[in-house]
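Look for subunit A in each of the two complexes below; its partner is subunit B in the first and subunit C in the second.
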Partner chain A sequence: MAEKIKVTIDGTEHEVEAGENILQVCLDKGMLIPHFCYHEAMGPLGACRLCAANIAPAADKPGRLEMTCMTRASAGMVINVNDEYATKFRKSVIEDLMLNHPHDCPVCDEGGECMLQDMTVITEHQHRRTRFPKRTWKNQYLGPLVHHEMNRCITCYRCVRYYGDYALGSDLGAYGSRNRVYFGRLNDGVLESEFSGNLIDVCPTGVFTNKRFREVYTRPWDLQTARSVCVSCSVGCNVLPGFRHTDLRRIKPAENDAVNKYFMCDRGRYGGEFVNLPSRLSDARVSGTSMMTEDGIDAVAAQLKDIATKHGAGAIAGLGSQRASLEANAALTAVLKALGSDRVACFGSQADREAARLAASITASRELPTPSLPGLEKADFVLSVGGDLTAEAPMLDLAIRQAVRQKAPLFIVSPRAGSLDKFATASLRTAPGTEAGIVKEIAAGGGKDFVAQVATALKSAKSPVILCSTLHGDAALVGAVYQLAKSANTADRPCGLAYYYKSANTAGVALARKDESPEAIAADAKSGKIKALVVLERNAAAEPALAEAIAQCEYVVAIDCYENATTNDASAVLPCVAHYQSFGTILNFEGRAQHFSGLNIPGSATMASSEVLLNIAERLGASEIIQGLDFHDVYDITTESGKAVDGIRTGDSGALVKSDSKPTAPPSAKPASTGMVAWHIHHTFGSEELSAMSPPIAELAPAAGLELNPEDAKSRNLSDGQNADLTKEFGVSGLLTVNAGLAKGTLGIRVIQTAVSAPRKEVTA
Partner chain B sequence: MIREMLTGLKITARYMFRRPITNFYPEEKPMIPPRWRGRIVLTSDPDGEERCVACYLCQAVCPVQCIDLQAENRPDGRRVAKRFDINFARCIFCGFCEEACPTYSIQLTPDFEMATTVRTDLVYHKEDLQISGTGKHPNYSFWQVSGVTIKDKEKGEAINEAAPSNYRSNLP
Partner chain C sequence: MVPEHIRKELSDHCAHYDSRRVGLIWVLQQLQEYYGGWLNDDAVREAADIVGVTEADAEGVATFYNWFFREPVGENVIVVCDSISCHLCGCDKITAHLEKRLGIKMGETTADKKYTLLPVVCLGNCDKSPCLMIGDELYDNVTPESLDKTLDEISSKPKAAAK
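Right, the complex of A and B next:
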């Protein structure tokens, strides 16, 4: 804690920390000094010269004009923001900045949230006095996400400082000199960074604007917004989705000190358009007949009750959802309980289930500290194991880039090189299934080369962090990473451990007390033991383990927000609103429970999935079950955590849930296979179910296909661009890409969701 | 009493020999001042293209919220209103929209004859509002002074603009 000192700002004495940035002090205290280039995340630069104030070192010393963002507070300092000369100076700076500004506010997409507009009004600049022609620039094509309009630039350098210095991107730069500085790429092309959308928020004027929002533009003051939590990955960034008329128009990050502050990834920002799909469901459909949701609920409740009485309680099972809220999954168990059943499966395969449940139980045991995003940024050692952070949990990647900027060594152990690898101190490519062995070697100490390097760095680190993917269903790896973190964790240097998951609420459903392997449910459904399946917000028909079961099961109830393979085949479809219109609580990768809320807009369903299920339960006469249901009954969390989760409100920093039970012992690692091992490659764009349906994300998604290491390709006589048929061994075939960044002995299968699902079925009204 | 009656009769007698002042509306149209705030129109550029750039300022300023619109980008680079509705049942003809309009598109005209017996007929759509003339500002064209590229007007070709700079060169 720095020493507290007193400074005088505009005649009032304030207590501040010594050495604090004066502009930030003033902004925190609600005094708005006009500024452009200063941004809390990127620090001061002194480029725009707008935040000038008269600053005197002491009351009896003469003051002079200084940039407040470049001045640090010292004891007795006297700051006069409203000094006559400083005010005049700021006005003239704005006049200079406006010399070349194009006359295009009416068609500028920044209008309404433009800093230049605000600052111009504050400084009271009104007329352009010069008669010289305006400087102009040609715009660049920057891809489907960001629109470029260079004439509006005021040279604050925020974009390159964010893109290059903060997000460590390399393809956006400042070119030219003097009064002709250009911010863009060397040539037209799609911005390479997965975090390019933040340029829109960072730019104080309209140089970088949201290309999607532009298409169906509306002023920001007309947007209806309810604070929500992003559904695109397990990080759980807080977001502000803006609706207008019947559509979601854009998503912006919302500030939450515990999670994200100013930034979010492009998948989250542009992935919300699944809400607008023409295939979104608005009516219930029971055996081919379209009807009101309420009537559908009646019909489904009657049918389920019928099956339960005819075939016994065990004839009904539920398929829980990793993207639905804790409430919705709890309501599913309530419905099943009302029917006398307790069979739920939330995961796609037993391997995924084991890995996620072990990881969640380790996190919830709170034995080791779980770093939050701000905590990750301060790590001085990072080890990422098992997956591609940029693709599987993008904002964790951005946090780690901050740690890398602070010279933290970064080590990566994974089968495939991702975009974070170029910042790694060292990375190890190893076949899937062998990572656990390497982690064990690191924990044991010794070893050589990479292992030794990681072990030494880990020993000398003061706040190390280990991150591990659970998307590839490797429970042995989850366990090995836990052992490594435990061995490195001491009282004076806590070792942070974070697992990240497939979907927004995977960490939540992984803590469910009742959860079965999907294979068991699928087998019973196929054998006819299970007669009815209640599928909650999940395209189960597209999951290999469940597809057959869904097709063969007698009665399938699908509750979802959009038409997909499951709703197409289901006996009854009940519509629910999409995530950004819905409400509930989800657990992010840290086990942090966050509440999200939503808006009801015309043209869609009216109920959240949790409400649909509670309505069914009520029709089944289970009001008592619902009343008595607490979060800690359904999920493996303490009574206090259950209460805390209940009390969370939207926009809170949330509550870290704690579990009663100790983590279960990890399964022993399977013997490393000598042959080729299949590995699912997740991409930042196109691999996540919901965001993949969004048109800009679908445009950026790579083509589906297979990947092989050059040596493996050669030994199999396959070459790049060829159609590889590996149906016999792995049940897959597709276009082959030879990738030197893939570990030997790995068959990479790109997970690309087919953009828009099957067309809406014709229904008889 | 007689005096009062005579006073009244005097006034009657005086008006009896004056010319009548009745306006024979609607046969005879009254003279309305050109700056009268009547029916709202959307005017066009001197080159005939619609002036409205769908900036939403009229909608924002309207005190009775009778304007609703949605912007759209035309393939030629112009932004226009895809939909522009004014509910004249709600409009109070205050003229704020005309003041707020940055492109002189929306203008109030000296037409007041909008009475109808069907309420929904008072919601005017874009095709009812758009006129081909320039209205009160015959020479102004927003697109010719703004720095945004449209078809047949590249960067640097707007009024008072220099040719595009070359960022690859450091020469003066």
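Right, the complex of A and C next:
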């Protein structure tokens, strides 16, 4: 803790920490000193000259004009923001910045939430005295996400400092000097960073704006917004989805110091438009007949009751959802309970199930510290195992980049090079299934080359973290990573351990007390033992383990927000609102329970899936079950703080859940296969089910296809770009990419969800 | 592309600094000289590659400094300061005189490729305003007359001109 000192700001004494940034001090205390170039995430620069105040080192010393963002607090300092000369100076800075700035706020996309507008009003610059023509620029095409309008630039340098210095992107620069500085790419082209959308928020003016949002004219104040949590991966960034009329118009990050602070990734920001698809469900459909949701619920409840009476309780099972809330999954168990059944499967395969459940139970045991995003930024050693962070948990990647900027060594063990690999101290490409062995070698100490390098760096680190993917269904790896972290964890040198998952609430359903393997349920459905399946927010018909079962099962109820293979086939479809209109609690990778709330938007369903299910349970006469429905009965969780999981409110920092049961022993690793291994590549854009349907994400998604290492391609006489028929060897064929960044001995299959191409609905403001 | 031994020399130079990017300016200078007084797109790309910075960074530096040229320039580059002190002391008159004498506008090069005329921000020589530079030479308290004399001299001994 830094020493506490006293400073005087505009006549009032304040206690601050010695060396604190004066501008930040003032902002924290609610005094809005005009500023542009300063941003808390990027720190001070002193470029815009707007944050000036009269600062004296002591009350009896003369003060002079200084930039508050470049001044550190010292004892006795006297800061006069309202000093007459400083006030005049700030006004003149705005006048200068406005020399070349267009005077057309009414047609500018930033209008209404523009920092330049705000600062101009605060400094009371109202009158334009210049008469010469304004400097103009050419704009660039930057891809489907970000729109560029250079004439609005005020040369604050925030964009390049965010994009290059903070996010370590390489294709945005500042060119030229004096009053002719251009911010953009070298040439027109799609911005390369997976975090490019944050330019929109860091740029204080309308140079970088949201291309999707500006397509349909909307002012920010016309939006209806309820704070939510991103549904596109397991990081759980807090977001502000904005709706207008019937559609989601944009998603912005919502500040949450415990999670994503200021930023979010492009998949999350632009992945919400699945909400607008014409394929969203608004009516119930029973045996092909459209009806009101209430009537649908009646019909479904009657039918389920009928089946239970006829075939016994065991004839009904539920398929839980990793993208639905804890509440919805709990309500599913309530419905089943009302029918006398307790059979639920939340995962797509036994392997995925084992990996996720083991990881979640390790996390929830709280035996080892789980780093939050801000915690990851401060790590001085990072080992990432088993997956591609950028693709599978994007904001974890951005946090790791901050650690890398502080010179933390980064080691990656994975089958395929991703965006983060260019910053790695060393990377090891190895086939899926072999990573656990490498992790064990690291834990054992000794070894050579990569293993020795990692082990040595880990030993000397003060705040190491290890990250591990659970998306590839490798429970042995989950277990091996746990052992490594445990052996590295001591009282005075804690070792952080974080697992990340496939979907927004995978970590939540992984802690369900009752959950069985989907293979078991599929087998019973195929054999006719199970007669009815209740499918919650899940396209189970597209999952290999369940597709047949869904097709063969007598009675399938699908509850979802959009039309998909499962709803298409289902005997009954009950619509629910999409995530950003829904409410509930989900658990992120840390096991942080976060609540989100939603808005009722015309043109879509009216109930959250949890409400649909509770309504069914009610019709089944299970009000006692509903009343007694306790999170603690359904999930193996309490919270660290003792706060009730269902007492968490939207927008607070949530609560880390805790479970009393010890992690189950990891299965022993399968013997490493000697042949080629086929596995699924997840891509940042296009692999996650919901966001893949969003048009801008679909535009950025690569084509589905296969990948081979050059050697493996050569030995099969295959070349890049050709249609490779590997049916004999792997049962697949497709467009081949030869990728030197892919581990030898593996066939990568790019999972790209087929986007439902649908034109954006024309809506007038 | 510069020959391998020059490339190596440039790259080795960058290794002297804690951060290789510190060597960028020097590398750009060497490449500008090698390529005949200006940097084309390939040269900037080459510099980025040698130093190990992004192309955007190299372009940023190459376009920031006054003495890096991204277009061909004449044998003698004249930069006229137009910042505050020189503005107060009449740099506009100097510019007008130069434009008239050379028959070109600010930012242009004479047809015989002898002179290029460019504006520059403060040369740090405010106490001797107005001032300008021709090549590496700084000229203080310039008047149309003193300027004529200087240019006459340069024109009379073409080979000895500042580079």
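The rule is simple: the second predicted complex is superposed on the first by the 750 of 765 C-alpha atoms of A that agree within 3 Å, B and C clash if a C-alpha of one lies under 4 Å from a C-alpha of the other, contacts with A are read in each partner's own complex, and residues count from 1 in each chain.
Everything that follows uses one rule, which is that a residue touches a chain if its C-beta (ideal position, glycine included) is under 8 Å from a C-beta of that chain, and two chains touch if they have at least 3 such contacts.
Remember, it's a predicted structure, so these values are computed and weren't measured experimentally.
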item: Partner chain(s) touched by A:Val190 [first = subunit B, second = subunit C, both, neither]; value: neither
item: Partner chain(s) touched by A:Glu149 [first = subunit B, second = subunit C, both, neither]; value: first
item: Touched partner set for A:Glu215, first subunit B, second subunit C, both or neither; value: first
item: A:Met291 touches, of subunit B and subunit C: first, second, both or neither?; value: neither
item: Partner chain in contact with A:His245 - subunit B first, subunit C second, else both or neither; value: first
item: Partner chain in contact with A:Ser170 - subunit B first, subunit C second, else both or neither; value: second
item: Contacts of A:Asn139 with subunit B and subunit C, given as first, second, both or neither; value: first
item: Intersection of subunit A interface sets (partners subunit B, subunit C); value: 175-178
item: In the complex, subunit C residues that touch subunit A; value: 54-57, 59-60, 63-66, 121
item: Subunit B to subunit A touching residues, read off their complex; value: 53-57, 59-60, 70-73, 79, 102-103, 142, 145-149, 155-156, 158, 160-165, 167-170, 172
item: Interfacial residue positions of subunit A with respect to subunit B in the complex; value: 102-107, 111, 131, 133-139, 149, 151-152, 175-178, 180-182, 184, 214-219, 221-222, 245
item: Subunit C contact footprint on subunit A (complex, rising order); value: 164, 170-178, 185-186
